[in-house]
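Letters are used for the chains, namely A, B, C, D and E, taken in the order the chains are written, and counting of residues starts over at 1 for each.
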Amino acid sequence: MDALIDASLKALHLLFSGDMALWEIVGISFRVSLLALLIATPPAVLLAFVLAYGNFPGRRLIIALFSTLLSVPTVVIGLTLYLILSRQGPLGEWHLLFTQNAMIIGQIALAFPMLVSIGHSALQAADRRAWETARTLGASHLRALLTIIYEVRFGLLAAVLASFGRIISEVGASMMLGGNILHHTRNIPTAIALETSKGEFAQGIALGMVLLVMAATLNVLLHHFQGKGFVGS
Amino acid sequence: MDALIDASLKALHLLFSGDMALWEIVGISFRVSLLALLIATPPAVLLAFVLAYGNFPGRRLIIALFSTLLSVPTVVIGLTLYLILSRQGPLGEWHLLFTQNAMIIGQIALAFPMLVSIGHSALQAADRRAWETARTLGASHLRALLTIIYEVRFGLLAAVLASFGRIISEVGASMMLGGNILHHTRNIPTAIALETSKGEFAQGIALGMVLLVMAATLNVLLHHFQGKGFVGS
Amino acid sequence: MSTLHFRDIHKHYARRTILAGLELCLRTGSCTLLTGENGTGKTTLLRILGGFEKPEQFAADTGHAQLNWRHYRKLLQSSVLYLHQQPYMFEGSVRDNLSFALDRSLPKAEREQRIHTALQWAGLEKIADTRAKTLSGGEYQRVALARAWLRQPRILLLDEPTANMDREARNRTISLLRQLRDDGMALLVASHDPECFSSLVNEHLNLSAGRLQTVTPASRFVNMTLLQQAS
Amino acid sequence: MSTLHFRDIHKHYARRTILAGLELCLRTGSCTLLTGENGTGKTTLLRILGGFEKPEQFAADTGHAQLNWRHYRKLLQSSVLYLHQQPYMFEGSVRDNLSFALDRSLPKAEREQRIHTALQWAGLEKIADTRAKTLSGGEYQRVALARAWLRQPRILLLDEPTANMDREARNRTISLLRQLRDDGMALLVASHDPECFSSLVNEHLNLSAGRLQTVTPASRFVNMTLLQQAS
Amino acid sequence: DDKPANMTLKMATTTSTENSGLLTDLLPKFEKESGYSIQVIAVGTGKALKMGEDGDVDVVLVHAPAAEKEFVEKGYGDKRYPVMYNDFIVLGPDADPAGVRDTKTAPESFAKIAEKQAIFISRGDDSGTDKKEKQLWETAGIKPAGDWYREAGQGMGKVIQMAGELEGYTLADRGTWLAGVDKSPLKIVHEGDKDLFNPYGVIAVSQTRYPDINHTGAQAFIDWIVSAKGQQAIADFKINGTPLFTPNADKPATAK
């Protein structure tokens, strides 16, 4: 218990001491994850939409596949990409391993199935009349899609936030692909892994709290921006 | 690339050789995660429902809080519980640390916020008339709730599957709380972490594939059972 | 003849006042017709009486007790059935939707018998096993009404029950409602089709500017009914 | 007067045949009324013509070309507007919903002018900035119709446009539709209220058993219209 | 401008060197002198060697003599340079229920633990420490199995934690132990015999195999760490006044 209190105090201290090393790690974390999310979201939402509105053979299997991919440990995704990006692998010449770009690739691979799976479930809950009304009023496919997205924005926001949570907090792929190199690819989760492997639990929890505070800010902002999210009449 | 093929072959071999050690690990994985999910789901869905249908002050903040909790690395959740369950901690006498029960507790803590967050987004997409119609036709609160759950079963299934994915694949909390002890608390993700730390990448991916196959079976079954999941008229 | 007397019903949305201290009586065995222009608050009133919309002010007098909103909801919501202007169908067949309204303690044979009667009455036999969510507009209304009939509430609030119905279904609806009324149910019907209900109603009220005006008073209708029964 | 001739429209759900090789003409400047019992397939037909439901068989003849279903959808969906039996409102105010139907390339002043006119016509000025999803049943219908008017399609398919509307709104609807028809739009109206539209329709068709029967032929109506115009 | 083009160097190493704080102390000195910037990837010995085999790092610094030998023999690396050593210790609860304190050698203490069925936490992760432990059991002539013998499959720090929690014994490297000594209820119950010797080596990944690897940088690092300066820096590194590693580049020790 003392350890928890100790950790909380440390977290506060870390946050407000303006420790440059900490902020660098925080910066890398958010830069990588936000970029990955930004890249993954548009195609994922589009695919989710196709899966919700299309009616082609194999549709259900694809949906099941994407929710299955959520059960694959992040380290396995990391490993697979490692083997591809490694010098031995097919994309070895690109020299991506142990860079932030490799981490971004890894996090895209992690965010994508979650965005598709939960995004699909949000989009399929939409009223089909929304799409039909938009189309019959002359909206282009794109505009109709954007309209639907706005109609189910709460569900999609949940998908985006869950995916963000998944990648900002994951350690397996970032560790494999980034290598946890100080000043380069050390983000909060890999830093936490390092601290805990040293037995520095308080430091680990403190870093976790820093992440929590940052994520809370983001979440509250987005939720506020998004609206009410309770069942309307 | 060879490594990937090698891994796939290994996975097939592992799956069909009837390796007892493997099946033991698989058994522990699924036992722990399914139990955790079973315990976490009812209260989480109830809370999600209250958050979707109630209209009380702080409601939005609570929703934001739960989606924030998704950004906390699993190892931090693990660490916090570790400090509570540890000999030094408040629940030290229970001697839960490094047992499957500790892992179950950790996974409940991981599944709960995701179930609430995505479950809420599924439930808030329901038509309020569903609740009203059920109630006006004389359904008890419980029956009306079950009716709504059935109406949005696709969204809730996505929440449950995403949560299952989160806990069956997470390594941070299981490692901290279970200790990755062979025959006792070694599950697939911690076994994978071990193999990769040894540099046995192929073995790690093979284990990942075993998990994938098992999870795919579960997902396809559930999706099949659940129904179509595309936008009805 | 027991009477439920509502008083002082106030309701506003943002700065718009919808119901401004409205007064209303519901009597067992009596049918009240509610008319009013679009957006005057008919649905709002019915939803309040059904327990689904919270008014700012509210009082109900059962003859035995004065009830505030919370007590009303608690005590009476279970005897009131509100039929939505746009009914909602649950996932499942028409049959499933009908059986939802039945008491679960009824023996199976009895349940099936009642559902059968309801299907027959509403002309839904052919589509009894169709997924209810795919029904046509008029079929929606019919199933919703059949569901209400199966439920047998003490007070039935109907929001445009005949919209989207074809002529025959309307006639059947009227005769069903007459039967329910004569069995002692209190009916409140909101409609833009007063003619359709003219043979049925005991009192016709018009909602405008948040208040009710009597178009045809109960007394006259009661006499008419008596005369009809006499003849 | 250009004519769109549909032939061989077949549609069934599971084992139920809804439309059995139905034939239909839509003429510019002409209004066709479609009646039929609940569940006969009026909505299904309108949705097919609107491009939202895929028929098993379908042929359309524009006078210049024979179109199959895919071509029809591609070429004509953008000139057809289908107004749902239960209209859908987008998130946002009534004004937002109306502006959705306007061409985005219109200058701002023009857009506002048109929206203003539409609001006025539909009697929606007071609730122009209300969240559209909270509107009453009749207001829903009105906004949907105003939206259709703003869109100015070549073919307008109306599914029970006057359900839930009060008397005045119905009258306004009729006069709006007359104006649209006379401007050269082709109208197809499904309704259970033939009387309401009697002054407007050029042809009255009844759907039953998957086929259309002419109740009042186009010719008689055309004469009537000419007579009316002459008088 | 005859500076080598690639001034960043990737090194895979074991967690023990990183976690003990040695590298944080050592590397800035090297970077300052040479101008190289060195990126450390701290993982298990097995994984570190694997990264070297794949050519994903330029140099490895590990402690698993047998595996290192194989690594060089298979041509993944050019030559193993001895750098330093520390030693392993047997940790146990202060009460010492198995009576390990009375034993003379490490295999003897292991035998005692097995005999008393006292809880023993094994790394079980094929790391340098784990290999050493397995070798000690073999020397003791025991095949450890049973509920008392728990294979944790985790890093050293974690295993020390677990042993503390479960009041069991374990084999640990002194560096990790010193770094966390103040947080653990355990005590050293056996130390100091030559069976517990733990040497570290450094190997540059083969340029023949991977021509575009930063071999020059790797060699520069090796040259520095085995130089008098590097060796002195290792000797100077202390935790709470206790030196952790003993430099031994000049007198290559033979691993048992």
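We take it that a residue touches a chain if its C-beta (ideal position, glycine included) is under 8 Å from a C-beta of that chain, and two chains touch if they have at least 3 such contacts.
Composition by chain, UniProt nomenclature: A, B = ABC transporter permease; C, D = ABC transporter ATP-binding protein.
Quantities reported herein were computed from a predicted structural model and do not represent experimental measurements.
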Touching both chain D and chain E (chains): A
Rounded Å distance between chain C and chain D, as computed from the means of their C-alpha atoms: 31
Whole-Å gap between the CA centroids of chain C and chain E: 81
Separation of chain A from chain C, taking each centre as the mean of its C-alpha atoms, in whole Å: 50
Where chain A and chain D are represented by their mean Cα positions, the distance between them in whole Å: 45
Chain D, residues touching no fewer than two other chains: 86, 134
Where chain E touches two or more other chains at once, by residue number: 155, 158
Residues of chain A whose C-beta touches two or more other chains: 88, 127, 129, 196, 232-233
In contact (per the touch rule at the top): chain pairs: A-B, A-D, A-E, B-C, B-E, C-D
Of chain B, residues touching chain A in the complex: 1-4, 7, 51-55, 59-61, 63-65, 67-76, 79-80, 82-84, 88-90, 114, 117-118, 120-129, 131, 152, 154-155, 157-159, 161-162, 164-166, 168-172, 176, 188-189, 192-193, 196, 201, 204-205, 207-208, 211-212, 215-216, 219-220, 222-224, 228-233
Sites on chain C touched by chain D in the complex: 13, 36-39, 42-43, 85-86, 127, 134-139, 142, 159-160, 163-169, 192
Chain A - residues contacting chain D, complex: 127, 129-130, 132-139, 147, 150-151, 232-233
Complex contacts: residues of chain C adjacent to chain B: 50-52, 77-78, 80-84, 86-88, 90-91, 100-101, 103, 133-134, 147, 151, 153
Touching residues on chain B, where the partner in the complex is chain E: 86-87, 97-98, 175, 179-182, 184, 186, 190-191, 193-194, 196-201
